[in-house]
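By written order: A, B and C. Residues from 1 in each chain.
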Amino acid sequence: MTHANTTAAPRRYLRTMLRATGTALVKAFNTNKTSWVGLLVFLAVCALALLAPVIAPHDPIDQDVFQRLYGPSAEHWLGTDVFGRDILSRILYGARISLVIGLVSIGLAMLIGTVIGLVAGYYGGRLDIVMMQTMDVLLAFPSLILGLIVVAMLGPSIPNLIFAIALTAIPPFARIARAPTIAIKDREFMEAGRALGYSDRRLMFRHLLPNILPEVLVMGSIWIATAIRVEASLAFIGLGVSPPTATWGGMIREGFENILDSTWLVLFPSLAILIVVFALNLLGDGLRDAIDPRLKGEQ
Amino acid sequence: MSSYILRRLGFAVITLFSVLTLVFFIVRILPGDPALVVLGDQASQAAIEALRARLGLDKPLIVQYGEFMAGVLTGDWGTSLVSGRPVIGEILNVLPATIELTVAALILGAGIGIPLGVWSAVRRNALPDYVIRLASLLGLSFPAFVSAILLLLVFSISLNWFPVMSTGRGETLGARLHDLALPAINLGIIMAAFITRVARSAMLEVLGQDYVRTAKAKGIAFATIIWRHCLRNTMIPVVTVIGLYLGVLIGNSVLTEIVFNRPGLGRLIVGALNQRDYAMLQGLMVIYTLIVVLVNLLTDITYGFIDPRVKYS
Amino acid sequence: MKAKTLIMVSTAMLAAGAAQAQQTTLTIGMGSADAGRLDPHVATTTPDKGVLHWMFNGLVRVEPGKASPEHIEPDIAKSWEASEDGLTWTFQLRDDVDCHGEWGMLDAEDVVFSLNRAANPDVSSFAADYSAFETVEATGDHEVTITLSSPVPSLLGLLVPYHGGNIVCQDAVEEMGDDFARQPVGTGPWAFAEYQPQQFVRLVAHEDYFRGAPQIKEIMYRYIPSDSSRDLAFQAGEIDMIYGRQDQTWVERISQLPDVTVATMLPGEMSQLMLDVTSEPLDDIRVRKAVAHAVNREGLVQLKGPDVTLPAVSPVPEGYLGYTDDVPTYPHDPEKARALLAEAGYPDGVTIEAIHTTLPTMLETIQAVQAQLRESGITLDVELVEHATFHAQIREGLSELTHYSAARFPVADTYLTQFFHSESAPGEPTAITNFANCSVADEEIVAARGAADPDRQLELWAEAQRKIMEEVCTVPLMQNMQLWAWTDDLDLGHEVEGSFNLSPAITEKSHFVE
């Protein structure tokens, strides 16, 4: 019996939680239709990035100095760069870097931040003070500056960039997870759970988490946008993934050197960043409006 | 009120202290011995020892920590390993340019953002609201260097209204403003986007309050309600956001300074990182921390003045 | 609305300010992020050489605008004579040479001090150039005698104000100590006034300059690393003279601007990939040959533009006295490169680590090289660092492959000694720029230096070049002309064909015209 219980319970729990979160999100999506637009655009970009090896017309790092700085044409839809590399292909491959760094770093930050917020909020007291004070200290540093220092210290590689960006994004998640935890932890159902002798861990992750997950996920979408922007900014400063790997920020950095004769070098990757970041913001913003308790019932 | 301020001050001091400690250890954890970085791998052991002694690196960590803290307090922030000049001097040299830029961006941001946010809230779900919301979202989506490049292309190159280089050292007020315009607009747009959104949601919340409904029922003119009663309450979140987003602003000022070739803390830190100037880096982290902690403190205190309820919390 | 008016008013004010007085401030845009070392006996980089150019004199100089040893003319020395064996040289100095600031008049002692300083490896990057100097003595208030232990191919070339030939003021160096490198004192037409890190170096006219007070009163030497920003500022008239991007498209575009002079100056800087023969996997000559075969020189020339680049095949740049193209060459052949790698035991390719500068023009070249090497299975792992750090780190021997771009006094000896003599290797007390740790041609280089017969000297130099290429210590890529542009409002006062100092000569006669 105990055996059956331990295997069935997590699955049931997971299902319940996903369903609850899913319902909340779908409701939010329907409340604010622009979220759908954001989601669709973002998914389209993800699909393009995934399919890059299949749909990219050229090798993104293949140089052809006899075709350098060509404007948009049938052969190169978005033109070529200083080395004769195909801009469209580089943008498609660049999307992978941006998305991987954005998604993984924020995924990590979300995980760590939420746990910190839950634990701090649930136990309260001195632990709460120490944890949140640490978060405030981290938060005190401008994220780009912190990223700059971490990447310059560790060297520009994808894992290091992910680490740097995740580090800057943990505190906001901790904060957003902590507030509702404090509000909910003394409600009747939690009291009931405690009376039944549930462990703290079970209470936190099974009963508290579902209540705060929608909000955390919504914030996640906005932070992915920020992460993509920060990655591009670091690359623009020269701290992105090393050449010849295509990154959007790096392409803009290189294109900036030819901005007078070949504006498209800067224009297309800029547009790419703008589209993704805007889509994510649209998505997150609409959802937040719908989930924000203060604005609830104001439809 | 004063106990509130004291408490905030206490928090600020604790934060400052912890960040400074963090800065101290981060700089010491950095890969590579600063002395080795300065002198090179081939330097003789004697030369390295001598430089370590000069930099105070041969002392026990705890002594170094004490000296570092004492140095920070007394304004002795060490000497730049690259230029050989006092770090604090180099920082103070460019600090006015950064402050000038940040303040100008804040003024622009608030000047554009608050009215737009209020308008958007008042005309909720009407055309102006949609346009403003989309525009502010778009403003948030622009990486600062992309908007800077676009501004440069349009206003400096095509129209030739503003200089390409913002040297930050105009002699007349007019020249300074002319010089500052594009970088400030670049940062100001992003700030305005933030503020618009916060002002809008704050205003919406206020508009839903009972006293506003009561005032409406009493037949007080709508405009009066907005200006007299709502704005004050809208200001609290706006002030918070200015404090909170100062970090974003500082980050974006790095990019703006690079594109416009403007002197400032941002270019200094990029240079210090590139040249592995540890002393300079340490000093810059200290100044960034000081600025952020100070602004957070000011934000907290401003709350107290705008919202009398805060003193009880 | 108000803001707009304000802007228009201020624009008008600026315009008015510019019109009312003859321009006497020359603003120059340099393509680096910051100054490196401003001590003339230490500085080696283009940005530093460029600005020091206008602050110092030598015993002799090359006529402004020229870049060939036959145009050497008097500078601080009025006249000179050499003994028959070429070992004793006596220089008569001018007596009206004034040091910048309050440092007094320059005399023979200052010259002796300067040349000894240039020859001292503790304080000079160029000490090895002066190894044949036995003594430098003041034989009168204004007379200096140099005694050599062996003849030097071009003694006068070592005395032009380029590298070690820069004459400094003794009192200033001694009293200022470490500070001298931050505010150098010389005797040239402009004096150091101010340095703002990552922003600019400001020079002011040296009113007591011995050739007469300069007409340009102030030089703002701004550090603008982005080529584009520099071009934009130049186009907008905010900068009068810019360091160009080494690229034909740049020349073509800048030439189209109205009222602009574009200079393609000699000597070109030669780009080469120096291969460290002591580090794995480059210690295997087959790997080095593979690198040489993997490089496509034509592609690189195409990238930079054939009008501003010359392909290079020898370790000495074309046009230098003693140059030969009769050396082993390694034509572009990826198949052969792969075969060589397989033979060396790397059938799956090799990885070579390189430290490289972020300087855009050089970065562009290495990225192209990186792509070319990749086709032959050679992965070039490039670690990017800022230009000054790059120079520091390669001098520590940290880079397996070093992409170096340089111009030297155009005599084969300087290039061969500095880049390929074993005494110039990193780690040696006399280290200069032999990043390859090359030592195969030591004998010929030294023998050529002392050869009395010019034909024999040429032969030895040619032999050295052959040996170096046989050993593949380096893969010469191309010579890039120095590209500069300035507004036609600026009259330099001479025709510019070239410049050793990596910046156009600006003299006391240079001025702005209406």
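In this section, a contact is a pair of C-beta atoms (placed from the backbone, for glycine too) under 8 Å apart; a residue touches a chain by one contact, two chains touch by 3 or more.
No experiment lies behind these values; they were computed from the predicted model shown.
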item	value
Which of A-C and B-C has more C-beta contact pairs	B-C
Chain whose averaged C-alpha position falls nearest the assembly-wide average	B
Centre-to-centre distance between chain B and chain A (centres being mean Cα positions), rounded to whole Å	23
Geometric centre distance via CA averages, chain C-chain B, whole Å	41
Centre-of-Cα separation between chain C and chain A, whole angstrom	47
Shared interface positions of chain C, touching two or more other chains	226, 232, 235, 358
Interface hub residues of chain A, defined as touching at least two other chains	256, 259-260
In chain B, residues with contacts to at least two other chains	157, 258, 274
Parts of chain A lying in touch with chain B, wherever the complex brings them together	133-134, 136-137, 139-145, 148-149, 152-153, 225, 229-230, 232-233, 236-237, 249, 252, 256, 259-260, 263, 266, 270, 273-274, 277-278, 281-282, 285, 292, 294-295, 298
Touching residues on chain C, where the partner in the complex is chain B	6-7, 9-11, 13-14, 33-34, 178-179, 181-182, 195-199, 222, 224, 226, 229, 232-233, 235-236, 238-239, 358, 385-386, 388-389, 392-393, 395-398, 426-427, 431
In the complex, chain A residues that touch chain C	61-63, 65-66, 68-69, 82-83, 155, 238, 242-244, 256-261
Chain B residues within the chain C interface of the complex	40-42, 80, 82-85, 90, 93, 152, 156-157, 160-165, 167, 172, 174-175, 177-178, 181, 258-259, 261, 263, 267-268, 271, 274-276
Partner chain A, residues of chain B touching it in the complex	14-15, 18-19, 22, 26, 30-31, 133, 137-138, 140-146, 149-150, 153, 157, 201, 204-205, 208, 246-252, 254-255, 258, 269-270, 273-274, 281, 285, 288-289, 292-293, 296
